[in-house]
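Below is a structure I'd like to ask you about.
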């Protein structure tokens, strides 16, 4: 039983408030991911759960135990830091053993747990090396190993992969997913990597300026973002936003009216680059000109400007012949549209209410 | 002969001399402008701690520095004279252009001029800042304990006054014994001589284990029970302060401390302050003897030498003795103390005059080896007092080390005359 | 909801801090109060906590005993030697931190070794030499001798500081055509300020407080304040009030200097790497 | 990472400092070394002569010298560990977050002891530790302790020097160690805090390895300074009572400046210097291991 | 004229060789990107061009001038570092002016160049701030500004964006592309980010263990990788590799034979995840089972295992109903197949030779 729940957590740094009344529940065994722009309070929240930051108000409980005032070491959590935070003067084995040693775990038990973790993480050949003699990915694995041997109720990760290069990141991501499946432990993971958030999370928590913007499964957030902020934040490349007006009940973009009913009070229209269909010039809902093409291999991103002067990104096939200066038509499928009010709240996603 | 005339060729000469921060020098400093006005000679005095005065001068002389007048503690005279750093006075007294007809060497206390300024039969300096050991006491405390006069002998001080005055956190006596020149001059030697002891015998071997010397040193040990705890750390200031604050009834100290003990700014004694000569021992009074003479430095050029002599002659002159006394100095001129009225103002005068009648010039040997020997005495003398070594052993150790120094210096193979 | 547990530990910490402050400040406080006492009060038993203060001691030492002049001498000597040490030491530290050459560790160690030499060893030879050069009793003699312990400190601390500056900054400047000297002066030196500041404070403190060289090499004209303070310690009559007044006057400039640079104090003192 | 530069550049950066130290440091040292092979007494210049290693032989067989060395070593082993323990404790307290204002004040007050002139510290000790009018004894009296004769008793005087040395240098040690602590990456400390509540474990296993350079620096400096310690005991006790506080530098000063035996003092100094250098090398060799 | 050319460049660190006979030409105005796994020598090569590392053998010329032995400052290059390497004690303006000051550019000229760069990079409001008071993106812009004002013949970038968060990275990338268009300067760019490499490069140089593996345009590398290494390195998710045999002239995977002719000696078959078509079970060239689904929003990655036990990744639509355990059929279009020899060299890409 290791569900984590926070209620009304406030955190002040001096007079600046870093967390605003965070109330959140994470179920036992769940993989929760905190995302949000830099400085939004992700790390602060994670560290509050770990007990590394005192909170100013509110309560935190882990596995039904109120841990608000407990020392970090009494909370039964393990944390993996972005910088790995390995003890540089200890070997890999000593790094992993350290926590158990200070908590008087008997030696045979220690050895067993270390070799189990080393097996899972394929660290056997490196057990007697110092961290300085390991590659980044190996160091990250040691950091994870150090968390595993602790058998904590909750794993906390603060951007654990962001110091690794792209290939390694993918590999480690998959390893972490496998680990989560194996251990079935509750994991809380901070990242600003789209792909990590979307692929790993059971539940994504989007933070913005110290407040929870939305909590939900990845596909929830993708399809039904609660706010324009979430809509823009989740998904890469980011959703396109266009200023819209209500023209006799339908959505109007400048002088073009779409055959889609406008939600009451909606002022902004959103649609994802991958949901726009490219058509020959003159067809579709909207006309635009290509300003830039970025080819990624299988895909290409076309940067367009609509006739009303609004910029748009569209994902196209990598082989698309379209290039700078060419005119195109765009289809905006009604069930892919999102409408937002002036306060940034989503008024309607798709064609349903 | 006038000073003005004699000084004419030397007007504008500047003289460098070291002074100490003591009353005699303060008096001199006040008088100097008069000399400068009369002669056009400029006196540049630098005040240094006693601790540094020897080193300062030795280095200056070795390096051929700029000191023109030497300030000589009586224990340094042998050193300075043997190294040829100072000029005998007859060079000047023989020169009618320089010698004041009123110089009157006989007017100096013979003991003083001999001890402070003379070495091996030659006179180098004139006594300038002069001390004798005196017994200062708190007459009120003595009166309260039923004594109307100070002890006459050391034995009396210890056996009669000691027990009577040591009570209620007050002590009968203090003997400043800190590990520096104080230990050898004010503590060790002070107890050696009255009991008939001495540092050296006629062959220049250690005399410290003679029965007389041992008696004196043992007496010091026995007397400690009537002294404040930690007396081994007492320097002059602590001891004087003990008397000044009424914590100690009697104190043997230099005459120069009279002004400190008499001044209400530094002392609570007031009229209770009284002065007597030091007590006598089996061998007589033999009070502590100390003081400084001024001598012309041989490194000075001729004009500086002449000017220096004129200054020394002037500051120690019969004519100036009264003024010097008035300003807090202690002149060595017998004539200065002739006026019995003075004894009213300066209570220490009778005792001082008495003391300078019977003292020993070699109270501390004055040869060039003294700086080395005093260090030995300081170390082992304090150890002795602390009981870290017995009196006998301590004396033996000092003796051995002392003899080693003397052997090194060549006294035993006839290279040097046995002068102390 | 700050936990009571944490409150209690904060309280304990606060008390501890007060104790630390008291531990450091009390002797200083006693020095200052003693300087405001007359001799009788200063030697009073039991010691007086409350008394009517007098500035007489200050008056005396400043205007009668020329402590003012010696303070000025100290300021000249300490400032000059500190500046000189920084001037000579920083480029050397930079070279030790940045350049590659043979015998670097040994050179570093040799620099540091000078800090170990007791002034007792050097004082007398220097006395003779300075006499021959005619610089005895001048500020210059002291300034030069004080380099023997200020320069090593500057080099020690600054080498470490320079080493902690990212090498990319040099490289960026190098690409822009800056000479090594220019990189040192415009890029690294400003960034090593904490180290420069701390080593300056320490150099200043060490040279300001130095006694042995001072009393052998500068007996008179260039006499510094600490030498002046022990002048009063005559042995015959120890005027504690005057000594403490002088001491207070001595400590105050160092203190001002140290407080000014105190924000660098900790960052600059990482005298780590030897290599 | 280091840069290869031309000899001229190297010379320009290092030359002045090297030249300065050669002139002010090496030249007098060579002079001292040369004189250490002579009988050279300032008051007996006529007897100056080359004596080879005689002075060294005399020093090495001189019990006074070795006693002074022993005393100095005792002072070192009594005061430096305390300085390190206190200094480390202070550093640890100041290193913790919170109570910023207090901590700034405390840090500033740490500057006071080390800024106080060493000679004055000895005088101050006389005033404060005096058996009769000393404030320390007054305070002990409040605690019901009888006045202690700090300066007049050999053991107490030695202890007084130890205590005073601790007072003066603990703050310096604290500041250096505080700087050392600031080099510990915060996440590493946090990682350890997640494992244990014990500050001791964190200190011992996590912070200490980072502190080693600072500790070695402290050891080197304190060793050198203890061997050089002169001003404070000199003004406080002048080496007494007896020879209870005659430390090696006090002894050498006495031989050189008061007995004027420059040759002997030079020999003593050079032995002492050699010892310091050897010790510093040993510290670096044994304690200084790479942390990074 | 600022083409860069390297010939036979070797670089040793002690006895370890970091660069092996690099010969490479980069045309004037070209945007070249160095990619490769961590430690392959990208930075070393870049720094060798800058003159920050001496080379052991070989020659480097910039704009027809042999610069092999010239000091960095004489090579007319500017470099932007990953850590920005801004001078922390100087304001933004001073940072940009420093190099010109050192080179005695007259003040009016300096001011003009700074304001021009500030305009291009929208740094005007920050000119008098210190770097510490700038955000990551702004700092990176200052670093670029510092390079621009130098008007160098060649710009060198060493992972300039990797310290920025995802959103900022995209934004800065687009800005850099625009900058390249405007300045028309030669740029050499080191990255390990797929997207950056593919979208920005005119020419990608793939390095592996100190050797050049392939040089070519992004689409060249994507479609016609020279080696299995390049094929695996370029494109995300990475290309799938399957062990193949030659069965009567056709490609055989285990006991399944594809209707595609095998190249002589080919032992490995490659196909990109985005090129595999999903079909209902039983159809297509290959049968497989889903082992994991990762959903990214618009896309999903399906991790499959073929009937021969080989793992495969397939990119599917984000809405794909397929899930763990389900059986699928796969079509492997012949023109998307790559065949590799046992030495790792590509024997055939697509159906053409």
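To keep things simple, chains are lettered A, B, C, D and E as they appear, and every chain counts its residues starting from 1.
Following the convention adopted for this analysis, a contact is a pair of C-beta atoms (placed from the backbone, for glycine too) under 8 Å apart; a residue touches a chain by one contact, two chains touch by 3 or more.
Note that the structure is predicted; figures quoted are calculated from it, not measured.
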item: Other chains in touch with both chain B and chain E; value: C
item: Required minimum of steps from chain A to chain D, each step between chains that touch; value: 1
item: Chain whose Cα centroid lies at the greatest distance from that of chain E; value: B
item: Contact pairs, highest-scoring chain pair; value: C-D
item: Inter-centroid spacing, chain D versus chain B (mean Cα positions, whole Å); value: 38
item: Whole-Å gap separating chain C and chain E, where each centre is the average of the chain's CA atoms; value: 55
item: Rounded Å distance, chain A centre to chain B centre (Cα mean); value: 92
item: Centroid spacing, where centroids are CA-atom means, of chain A and chain E in whole angstrom; value: 24
item: Residues of chain C whose C-beta touches two or more other chains; value: 43-45, 124, 128, 216, 230, 233, 238
item: Contacts with two or more other chains, residues of chain D listed in rising order; value: 4, 132, 257
item: For chain B, residues that touch 2 or more chains besides their own; value: 55, 59, 178, 180, 247
item: Residues on chain E engaged by chain C in the complex (per definition of touch); value: 50-52, 71-74, 77-79, 81, 83, 85, 87-89, 98-99, 102-103, 146, 150
item: Contacting residues of chain C [partner chain B, same complex]; value: 38-40, 43-45, 124, 127-128, 131, 136, 215-216, 219-220, 230-238
item: In the complex, chain B residues that touch chain D; value: 54-55, 58-59, 62, 79, 83, 178-180, 183, 228-234, 238, 247, 368, 371-372, 375, 378-379, 382-383, 385-386, 388, 409
item: Residues on chain C engaged by chain D in the complex (per definition of touch); value: 10, 13-14, 16-18, 20-21, 23-25, 27-28, 30-31, 34, 42-47, 84, 87-89, 91-92, 94-96, 98-101, 107, 109-126, 128-129, 144-145, 147-148, 151, 155-156, 167, 170, 180-181, 184, 205, 208-209, 211-212, 216, 225-226, 229-230, 233, 238, 240, 243-244, 246-247, 250-251, 254-255, 258-259, 262, 265-274
item: Contacting residues of chain D [partner chain C, same complex]; value: 1-5, 9-10, 12-14, 16-18, 20-21, 23-25, 27-29, 31-32, 35, 90, 93, 96, 98-99, 102-103, 105-121, 123-124, 126-128, 132-135, 138, 141, 167, 171, 175-176, 178-180, 182-183, 213-214, 216-217, 220-221, 224, 227-228, 230-231, 235, 249, 252-253, 256-257, 262, 265-266, 269-270, 272-273, 276-277, 280-281, 284, 288
